[in-house]
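Below, each structure is written out as structure tokens.
Two complexes come next, and they have one chain in common, subunit A, joined by subunit B in the first and subunit C in the second.
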Partner chain A sequence: MIYILQIIILGLCLGLVYALMATGLTLIFGVMRIVNLAHPIFILCGAYVAYWLFVLYGLDPILAIPIAAIVCGVLGAIVYKLVFEKDAGSQKYSEMTVLLTFGTAMILDGTLSFFFKNTQRVTSPSYATDAFFIGDIFLPTAQLYSGLVSLSLIVALALFLKFSTLGVAIRATSLSRVNAELVGINVKFVCLFSFILGCALAGCAGSLVSFVFSFFPAKHFEWIAVLMSLVVLGGMGSILGAVTAAILLSVLASLVGTFLAPSWSTMVFFLALFVILLIRPQGMFGKYLS
Partner chain B sequence: MTNSKYLVPLLALLMLTMFPLVQFFSNQNYIIHLLLYAFFYIIMTSSWNIIGGYGGFISIGHNAFLCVGAYVAGYAAVRYGISPFYLIGLSGLVAGIFGFIVGLITLRVKGPSFIISSIALIMIMRIVFDHWDLVGGASGITLPFNSLPVQWSKLPHYYSFLFLALAAIYLNWYVRHSKFGLALRAVSHDETRSAVAGINVKMIKVTAFALSAFLIGSAGAVWADYLTYIRPNMFLVILIAANIVLMVILGGKGTVTGPIVGTVIFILFNEIILTFFGATELNILLTGLLLVITLLYFPDGIVGSLKNKNILPKFLDWG
Partner chain C sequence: MNDVILKLNNVTAGYQNGPDILKSVDLTLKKGEIKCIIGPNGAGKSTILKAIAGILRPRNGNVLFNDRDLVGLEAYEIMRQGICFLPQDRALFDTLNVSENLWMAGYTLHDKKELKLRIEEVLTVFPILKKRLSQYAGTMSGGEQQQLIFARAIILKPQIMLIDEPSLGLAPSIVEQAFKHIEEIALTGVSILLVEQNARRGLSSSHTGVVMDLGQVVFEKDAKEVLNDERIQELYLGKRKSK
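Here is the complex of A and B:
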């Protein structure tokens, strides 16, 4: 019993990190109807920023979060201006936008691979190998810290969306763009801002990921599918849904990884995607997407 | 003018059929390789165009069917000693049935969810094939070499691919001009209205998906024999699917000749890059850059843009 509890707690910590990775994605989709396949590569950019800051200046990855967020936010702003500004104008999903994000992902992937090659990297701050013990349950410090930081960032995001004026504007725009414009919301600015916010969240997630998982440029293809399965399961555009899905699937994945084999654990995400498409295409909390 | 419409393709076909004769005089294996590589991709892009171009279902996971076809042929070749060339039809059939089943599940959704499900398909297959000991797991299957002298060793693949490419192009043309294609295009515009008009929406979509899987699967059998070595991480990578999508978009999706034009131009482009820059990670960057530029400035592709301006050469205008 203790053993299963142990696995569930480990899955929970990872699930929170996955949740943070997915929130930016679902935020961008909610506001602009852009399925941002480039999101995982922004996470990787954040991870590289944290990695190099740690290697060159010994900066702790958790403290590097703001820097990674700023770098990814600026990168996101550039990408948005160059690539998406035209299409973000119509709040209508189009295949072309998905392919555009895919092309962007490939450009960034190629750039990262060119500079950093396909070497597996992981940031190793002093606490990366530590663990807490509570009775018989052990908690790896890295997982615990990353889980807690993710949780607080998600809560901060939720509070921001709930109570700040800009947050209300973002929620209004994702409900209905036309009506948002009618009540005087600057929709163009809201779009730009939420894209940058989404990318900055990816950067935050990246610096946490840098000491939880090992990473290399081509890794983002795997993450695309994992994150998408979370977003689809939760219902596209629903942040609460994405977080719930992330925790649920991550716990399930760590159970599968323990009782079957570690390499089968990601299968949970992909199979969940197929099952959810089969029985409830709109996801747990989502509206049907046409 | 009507003559040139048929003349140019027929001449091109004649030249391609006769081209291997140069092997009598000098060894041009590299050019033969490039040509058959182009045929191979034309099969994939043309079949992708059926569901992605006419049907509007963008799949970034069509190489899953290539993998199925290659493994059917590869497994039979190693276990039972049957030449993959006899198994082209069977590989296609298995891939087609697989596509039918996958289509029943994933074609229920459209738009972004469908694209995501197609990526998930490759990921699932990658994990399954990596663990499937019967077909060699992650280390794959090694096929026997053919015993032809080196000069002629590529020709069976050359002609098989040429034949399959013609079949794929014909099928593309047929779908464009048949009632089936009309229904498919209607479905891609509005499923509800098509259903009201009496179209069996589900069957049309799934059939088109299975059809394109069938052709890609048959190409997989020949490709397995050509490579003589198949491994999950050669087929189940997103880059192949990305290339297919890029080629079709570049040429013009939803047109008969678009996939051909896109494939030829992209392969030439790739060759030029390889010559000048070598094989580096920059290739991924340039592929992505080409995709983004095409989508932003010529979303209709080369054939589509020329057609819009009414300057499309007659021999490329097949609908």
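Here is the complex of A and C:
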């Protein structure tokens, strides 16, 4: 029993990290209908920032979060201005962005590979190998910290979207660009801001990921598949949906990984995606595809 | 009531690469005036409102608001000048609650204390909304949504309101209520340009009537004269059966 509880808690912690990885992706889709296949590359960039800050200056990856967020935010602003702003809101924009973001992902992937080669890396702060014991439950510190930090960031994002004027304006814009303009919202600015926010969130997730998973430039292919399954399952554009999907599937994956075989755990995400597309293509909380 | 606040000169407009829908339209609106545009389906009535509001950029001509040309401004900039557009499809944020809808209506107001006061103020005008503050706008009845639309519109104290088909899809009693609001708003000095499918109803609340057809203004007269004009009755108002 305790064993199962422990697996669930571990799955929960990882699920929160996945949730943070997915929030930026679903936010950007919700507001701009950009299917950002380059999102995991931004996560990787955040991971490399945290990794090098730790290796070169000994900075704790959790403390590196603001720096990774800023670096990814700036990168996001540049990419958005160069690639996405011109045609925002036009017909077939979503379809178009699939190709544009894939191209962006390839360019950034190439750049990262050029600088960092295909070496597997992982940031190893002192707590990377520690563990807590609560009764008989064994909790690796790194997982616990990353889960808690993810949770705080997600809660902060939710509060921002719920209670700040700009946050509500972001939600309003995601409901209708035209209606948002009609109440005087500068939609172009809101879109730019949301894109930057989404990329900054990727950067935050990257810092945490850097000490939870080992990573290398091509890792983003694996992540995009998992993240897309979360975003689709949650209902494209729904942050609550993506977070719920991340937690559910991650817990399920760690149970499957333990009781069937570790190699089966990733299958959970794709199987869930497959099933949801068959029976409820708009996702758990979705409205856009219905 | 004699100062012109809005003046369209020679406005030509169309969608994307399509043909001109509006062909050299001239139109004026005075302070405190309610002007109703009538005409057959597809005449370009909604298109005029969109061209003024900046949803559609005119290809030619100018839209002078207090002698300042609005052509080329973004919709949100035009809105910030004091022109509020209430489109046909309501334009509420369905899955934001009433309170958030009102909050967004005052998005451009930087003094948030002032915004709070104004929200209080409109809630005394529309007391039903007060009980619905945390309800999603999209789940309210047609009449309540209509009230929310007017509440949103007056928060910023606009100088002009452009209203497209206020009666569409509403029960008759609620249509009456909507026109009562429109008349009251105009009495506070707001100029209103109205498009109404139910031409009789629209004209009877208006000062002036404009008949449009095929993207052009056919003529413009006192609302009463338009209502009583036999030729217009035949063409556009659906003549009452002669006994």
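In the analysis below, the second predicted complex is superposed on the first by the 283 of 290 C-alpha atoms of A that agree within 3 Å, B and C clash if a C-alpha of one lies under 4 Å from a C-alpha of the other, contacts with A are read in each partner's own complex, and residues count from 1 in each chain.
Methods note: contacts are C-beta pairs under 8 Å (C-beta built on N, C-alpha and C of every residue); 3 or more make two chains touch, one makes a residue touch a chain.
Everything numeric here is computed off the predicted structure, so don't read it as measured data.
Novice: Pick one for A:Leu277: touches subunit B only (first), subunit C only (second), both, or neither.
Specialist: A:Leu277 contacts subunit B only, not subunit C.
Novice: Between subunit B (first) and subunit C (second), which does A:Ala225 come into contact with in this model arrangement: first, second, both, or neither?
Specialist: In the superposition, A:Ala225 touches subunit B alone.
Novice: Looking at the overlay, what does A:Glu181 touch: subunit B (first), subunit C (second), both, or neither?
Specialist: A:Glu181 contacts subunit C only, not subunit B.
Novice: Applying the document's definition of touch, where does A:Arg171 land relative to subunit B and subunit C: first, second, both, or neither?
Specialist: Touch status of A:Arg171: second partner only.
Novice: In this superposition, which partner touches a larger number of subunit A residues, subunit B or subunit C?
Specialist: Subunit A has more residues touched by B than by the other partner.
Novice: Looking at the overlay, what does A:Asp136 touch: subunit B (first), subunit C (second), both, or neither?
Specialist: Neither: A:Asp136 stays clear of subunit B and subunit C.
Novice: Applying the document's contact rule, which stretches of subunit A touch subunit C when the two form their complex?
Specialist: 165, 168-169, 171-172, 175-176, 178-187, 287
Novice: Applying the document's contact rule, which stretches of subunit C touch subunit A when the two form their complex?
Specialist: On the subunit C side, the touching residues are 53, 55, 74-76, 79-80, 84-85, 87, 91-96, 100, 103-105, 107-108, 112, 152, 156.
Novice: Show me the residue ranges of subunit A that touch subunit B in the complex, using the header's touch definition.
Specialist: That would be residues 29, 35, 83, 86, 93, 95-96, 98-100, 102-111, 113-114, 117, 217, 221-222, 224-225, 228-229, 232, 236, 261, 263-264, 266-267, 269-271, 273-274, 277-278, 281, 289-290 of subunit A.
Novice: Report the residues of subunit B in contact with subunit A in the complex, numbered from low to high.
Specialist: Interface residues on the subunit B side: 56, 58, 60, 105-106, 108-113, 115-117, 119-120, 123-124, 127, 130-131, 237-238, 242, 245, 249, 280-292, 295-296, 299.
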